[in-house]
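Reviewing the structure listed below.
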Amino acid sequence: MSKLWGGRFEKETDRAVEIFTASIGVDERLWQVDIVGSIAHVRMLGQQGIISLPESQEIIRGLKSVQEDIASDLAAGKVTFRAEAEDIHSEVERLLTEKIGPVAGKLHTARSRNDQVATDSRLYLRDQVAAVQKDILVLQNWLITTAEKHTETVLPGLTHMQHAQPVSLAHHLMAYFWMFQRDAERFTDSLKRINVLPLGSAALAGTSFPLDREAVARDLGFASVSENSLDAVSDRDFVVEFLSGASLMMMHLSRMAEELILWSTPEFGFVRLDDSVTTGSSIMPQKKNPDVAELIRGKVGRVYGALMGALTLLKALPLAYNRDLQEDKTFLFEGLDTVHSSLKLMTLMLSSAYFDTERMSGALKGDFSNATDLADDLVVHGMTFRQAHEVTGRIVRFCIEANVGIEDLSLAELQQFSPLFTDSILAKVKPVAVMQARTSAGGTGTKAVLEQIAKARKVVKAVVTLA
Amino acid sequence: MSKLWGGRFEKETDRAVEIFTASIGVDERLWQVDIVGSIAHVRMLGQQGIISLPESQEIIRGLKSVQEDIASDLAAGKVTFRAEAEDIHSEVERLLTEKIGPVAGKLHTARSRNDQVATDSRLYLRDQVAAVQKDILVLQNWLITTAEKHTETVLPGLTHMQHAQPVSLAHHLMAYFWMFQRDAERFTDSLKRINVLPLGSAALAGTSFPLDREAVARDLGFASVSENSLDAVSDRDFVVEFLSGASLMMMHLSRMAEELILWSTPEFGFVRLDDSVTTGSSIMPQKKNPDVAELIRGKVGRVYGALMGALTLLKALPLAYNRDLQEDKTFLFEGLDTVHSSLKLMTLMLSSAYFDTERMSGALKGDFSNATDLADDLVVHGMTFRQAHEVTGRIVRFCIEANVGIEDLSLAELQQFSPLFTDSILAKVKPVAVMQARTSAGGTGTKAVLEQIAKARKVVKAVVTLA
Amino acid sequence: MSKLWGGRFEKETDRAVEIFTASIGVDERLWQVDIVGSIAHVRMLGQQGIISLPESQEIIRGLKSVQEDIASDLAAGKVTFRAEAEDIHSEVERLLTEKIGPVAGKLHTARSRNDQVATDSRLYLRDQVAAVQKDILVLQNWLITTAEKHTETVLPGLTHMQHAQPVSLAHHLMAYFWMFQRDAERFTDSLKRINVLPLGSAALAGTSFPLDREAVARDLGFASVSENSLDAVSDRDFVVEFLSGASLMMMHLSRMAEELILWSTPEFGFVRLDDSVTTGSSIMPQKKNPDVAELIRGKVGRVYGALMGALTLLKALPLAYNRDLQEDKTFLFEGLDTVHSSLKLMTLMLSSAYFDTERMSGALKGDFSNATDLADDLVVHGMTFRQAHEVTGRIVRFCIEANVGIEDLSLAELQQFSPLFTDSILAKVKPVAVMQARTSAGGTGTKAVLEQIAKARKVVKAVVTLA
Amino acid sequence: MSKLWGGRFEKETDRAVEIFTASIGVDERLWQVDIVGSIAHVRMLGQQGIISLPESQEIIRGLKSVQEDIASDLAAGKVTFRAEAEDIHSEVERLLTEKIGPVAGKLHTARSRNDQVATDSRLYLRDQVAAVQKDILVLQNWLITTAEKHTETVLPGLTHMQHAQPVSLAHHLMAYFWMFQRDAERFTDSLKRINVLPLGSAALAGTSFPLDREAVARDLGFASVSENSLDAVSDRDFVVEFLSGASLMMMHLSRMAEELILWSTPEFGFVRLDDSVTTGSSIMPQKKNPDVAELIRGKVGRVYGALMGALTLLKALPLAYNRDLQEDKTFLFEGLDTVHSSLKLMTLMLSSAYFDTERMSGALKGDFSNATDLADDLVVHGMTFRQAHEVTGRIVRFCIEANVGIEDLSLAELQQFSPLFTDSILAKVKPVAVMQARTSAGGTGTKAVLEQIAKARKVVKAVVTLA
């Protein structure tokens, strides 16, 4: 097909240049939003009398027919788009022209590819963000449901990877719930800036045609229209904002993946991943590897890289549209695909995981994670915390040398370190008691955790209602 | 000073380790929020009867006195914090102890440095985000005010750095207004996740003391309390979210800086920066360099780097607090300082800049940025756009060879390319007319721009009212 | 095909897990090096008597036959690899088994996929680095050849984007020559660490089979064998080192692209890119856009992103092999593809570019880039440089007000500023003379530049001889 | 002090601009190399007769005296540089002028700050790279020495964090030796591109003074002089190349740190860090935290961030010097400081670490990391590996159910799975035997490891000889 812009050119474009500048391999997935956007545009053109109503209707019919063709071709596994196409926009227009002839040319009235591609990207991302939020919700629901079963399951809570204080498995799982909740809310906030219509900005300066941009926005479900055409065709903030949110979310997944890998080691043994989500070794017959968790942990690099790439792309670009911007979609789609698959696989892996609660509670035996409570007890009996800390430190050293736990000491033994200890201390240093003692809001005590879960159910429900 | 945690240790900490792990050089700027946070904490301790009311009052008096001392020392340029201190939290406690004696030790009841540092960081960032938003507002006000004066000043609007269509300087400046508006809104959104109180999470699991966390939150102006203690002490999302927003904002500044540098070249000559914001060369007597713009452009790397550093830091960290997190403040403060100074200097530079509107309009002479309007005119007279594009392309080639502009052609000359041209075309291809023709919403035509400015005034006022 | 590691597993792998963990879509391009590596391995197995010689020969024949099949299928555009394959290694083994039956299983003796994939990656990258160096050489040759034609073509040399001193186009082009020379040398250095054989490390600990690793290294052209099996299967330094070098090289290309974009503006007009490497606009008939340069500038983000992704991937991974490492190839191939295409397209674009030497020299008229030489002349006549700088500064201000250049002043006019000026100054301030005056080694004077080009020819020849 | 470039300026520089553009806070550490570079420059000026010999000698005396003053001031803890200075170069010149009067002005003859700062940075980095290599060597020496003691100490070798095969502690430690060896070699390679003299390039184009750049290079120990002045003043590749190498090295340290943290957990217990390099908790009396390892792991983000910042800085900068480049030093020094302290602290931490070899070998009990050898034995007795893998898989499942290890099975029990087993198998499955069996080059068997250590000693000695 001869170029649409040959007038002032005396030579053909070099084939290598066509290949280098083409984006069809990346942007083909925009075909549907491209058509949807075009239908809204052309409907408005007809309503405003910019083209005739019958022309408008014919183009819409044509676009819908192209849409059906592509959908059925894809469903049948047939390749639809020509590798030699420049981009999805020109490819859709070509298919339309094949179907309805030259009137197809009127579709591009009062529109440029600069505002068209920005519109397509926003339409696509808007839907994808909703889909990501749904993925998150599924994972959050698993977290809540599982937490509810484990409000009294204790395991070592760690700081610096050292046993610190016992916490419940419910509390541990809910920590991730809130991370993902922030992720979901951040995505919701980003929609304010994604869901804005750039169409009508034309190449860079607006157009002299009497457009009704608000009508197009309503038609396509955009919350508002862009306020400045120069900004509209060169703004890719929404790509960076999505990738920033996605980076945070992948970081959260990487933390969870790290713990699952760690907990799967024979040394920890807190979790056993199902055969269906692990793999073996062709050499070592005993191996059962947490590959899915490892890959999720690794894929955080993909999204960080995409974010850094997009930021680099945009550095110091003068107004308005520059061809560099075409590269934005590689980063965006890389981020989206990684986020989707990682969330889904994490949920799949967790759903079939077996938590070995005996190993968890067993790990608390003699681990001194009840030392704080020993000190607190002395404080309650009148010692300053500083002294109590010192006394407890000496008890810990004694236990290490004697190779026993604090909970193994008799009252008499304890009283050798301080006469302030009374009978009640023996119950207080049991792991479950230690966990239960943390009753402050947001703490690991069962009552506090149940309140936490109740709040979680509420925010999750709020999101569901919204969507 | 002997360590607060020596009980189970048999050896002194190596001095090199103390230096390596100390953070006082970085976190000393948190001194004020640290004291403010401590006052709220200790007031609540007193109200809840966790310590006695008189104790609580004595500690508060002591803290206020320490605050005054530090403030006056700093004002006098006297160094207050000892280089050998571990961090600002222990340094403040030391100063308090010097002032009021051992009762100072009760300040740390039911609190850990893990929740304390998270509280300090959030208090500090919350205020700083508001300060950044104020910096943005000052720049936005300059943009609006200057735009209002230039709604009819024309210059070449560029795509691909090539002259595309004339735009008004007002429209160009307002493009930046909206970028900064998104930045400001993003920061506002981030406050929802910054302005949450972690205090009360203690080391990781909450505490057995009967805290009133809501009271502390109210006292400190936090909108809510954190829901999960494990999450609260290990969450640094707010640092990353700030740096993501800051990266976008610096990217916008880098685009603006790039244009100022470009416009300052003798080739463009659209702007002359004031002597007071440029520098010369010790070698080349003629030089006047836009150093401020160059440095702003360069400093975008600082913030991108800080973002990447923070994301790297957090990758795959297991729950809950890990010492790695201490590094977050380096990135956060690097981002904050860069953003503040870059915004202020950009505004300073712009405020004294002289826009050479003659060079701007002169650049439109014979630049063919009116070619689209020539084609559009033919379309209005019945030619298809494709033909019109072709005809105009030929006119452009003719002009290039004849070394004249489209606006230099007579009607007779134009009619040699198409008889459809009429007298009216001669006025239509004048740059100002071309600019004015773009009347669509968000376009560069004066009426559209005035509406844009009116909206901008409204959103800016909305922010001011909120703050 | 049933898994090779099913023994201890009771359940089938979930299909979603198979898809998530499969790498065939990425690593299929390793098919050839995989076969080449396998041939070397199996030849050694035969020679060492680990398998029988006839077995070894049969497997080699089979592998060569598979190689031919794949090559001819690919040439014919037929898809060879099954989408459901796990990776290219198992796919090649499957094809081999189809061809020669169960003896194919002996190929994997004393080998694990851990050392196999590391070997494949290194073989592939080694060849690709050589190919990248060849791409660089072609560009360097264009630079030298073009520089030779322009040793007396003057244009403004810029600092801070302001006219500083005249330089020759030759000198300007040669600046890029040396950047690419450093890139090429860096890649050569990296080969020392790429071209090391990991095969024989087995899964992680080496093997009990009596391997001759040196023989395999010789066979495959590796310069050495890895010294530690744990390191060998987990080392991806070579990926990061390549991406670091590639990032620097893309950065250099981005600088060149930026200048081409700038020089293509009507304001500069120093270069006119050929119609065959530029594109137009479907809307604006006058447009001729430097898309190729813009895309090269944009693609720097791809490589920076891949580098950051790879670094993130590797952070804090414990020994030895972890599945995360599978992601390395995405980053590596992304980097390689971008580097190849960007280098080739840059050369293509430059080869047909027209340098407008009149615009270049015209830009020096009245630009004061000869001011330093005016000051230097006063110094030669006895004035201190500080005074001379001051006097020249006043002359520049006078000229700006009078709207003339330094070279337009008469001797009499100059002498009004200082009586030290003599007749000779009038020749000295002409741009070509100013350029020629910089005779120091590495300077822009023609003689110095000719020496520079001679050295460049030598280093380029040295590389060619090596390759 | 009045500016050196005021001639054409009518206004004073704004104070905020002076602060924003000043670099003294960052570049003050270059004071010594700045003086050393100046001495070499001025000596050459004298030798070439560009200034008189007596002038040259007086300036050199003055510079040496300034050098002594600064050194003694710093030693005495007295602040030397004025906060209001623009940069270290002008500050040194000011101090020189105070000392020797106006003749100091001749120092800057035939030099610009553009080539001066590039020279200083390279001098500084060259020395620092050597210092980093020395830090590495100290760590490597510890690794070799410790490895020699542990060639028969076994621990579980991991893949996917699961027990794979037993390896010796020597082998494990030596894996890190080779990582650091690559780092050291990479730094050596980078010196080729660092150790090049830019001085003599002047502002951008060279100079008309008859410099002897080779003499200056010899004087300062540079291996060569830069070939192109435009490149020389704008090249910061050496900063990026250093930061790339530093990122890889920090990544290696982060892996080692991760393992130390992991091995310090009670679950692993393979290492006990000394009290002198760990810290406790003010709350939890039992805590002993591996803070140093955590901070090293965290600091990898600093260097990755600096690398990304530097790459961002350089993207798309046109020739030649731009003020953006001033920011390079922040990234460089950040990288250097982090690398130095992290290496030193890692060595300190390791030097006092206690390796619990009983916990290590104990971890191998019943862990099935000898399963491969069971299968290999069957292969030796004639079974195909595939069958052997299957049989061994079943044995593993049997053991898991019976809660015993492979080494706990009697010959009779083993023969129930396959009659091929003979008496010898009982010895073969003992962990040490399994480790010893890996005799291939680079494997974990003691003989192979001793050869590895011998090679390591040789490469380390080679480096020492070189330095």
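The letters A, B, C and D name the chains in turn, as written, and every chain counts its residues from 1.
We take it that a residue touches a chain if its C-beta (ideal position, glycine included) is under 8 Å from a C-beta of that chain, and two chains touch if they have at least 3 such contacts.
Since we're looking at a predicted model, the values are computed, not measured.
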Given chain B and chain C, the chains that contact each of them: A, D
Chain pair showing more contacts of the two, A-D and B-D: B-D
Gap in Å, rounded to a whole number, between the CA centres of chain D and chain B: 33
Separation of mean Cα positions, chain B and chain A [Å, integer]: 24
Sequence positions of chain A contacting 2 or more other chains: 4-9, 108, 159-161, 164-165, 202-203, 262, 281-289, 291, 294, 297, 300, 304, 307-308, 311-312, 315-316, 322-323, 372, 389-390, 392-393, 396
Touch list for chain C against partner chain B, complex: 159-165, 261-262, 264-268, 281-291, 294, 308, 311-312, 315-316, 363, 367-369, 371-372, 374-375, 389-390, 392-393, 395-396
Residues of chain A defined as touching chain C within the complex: 3-14, 16-17, 20-21, 108, 112-113, 202-203, 274-289, 291-292, 294-295, 297-302, 304-313, 322-327, 330-331, 341, 344-345, 348
Of chain D, residues touching chain C in the complex: 4-9, 102, 105, 108-110, 114, 157-161, 164-167, 171-172, 174-179, 182, 185-186, 189, 192-193, 200-211, 213-214, 225-235, 237, 240-241, 244, 247-248, 251, 254-255, 257-259, 262, 297, 300, 304, 307-308, 311-312, 314-323, 372-373, 376, 384-386, 389-394, 396-397, 400, 435, 437-445, 448, 452, 455-456
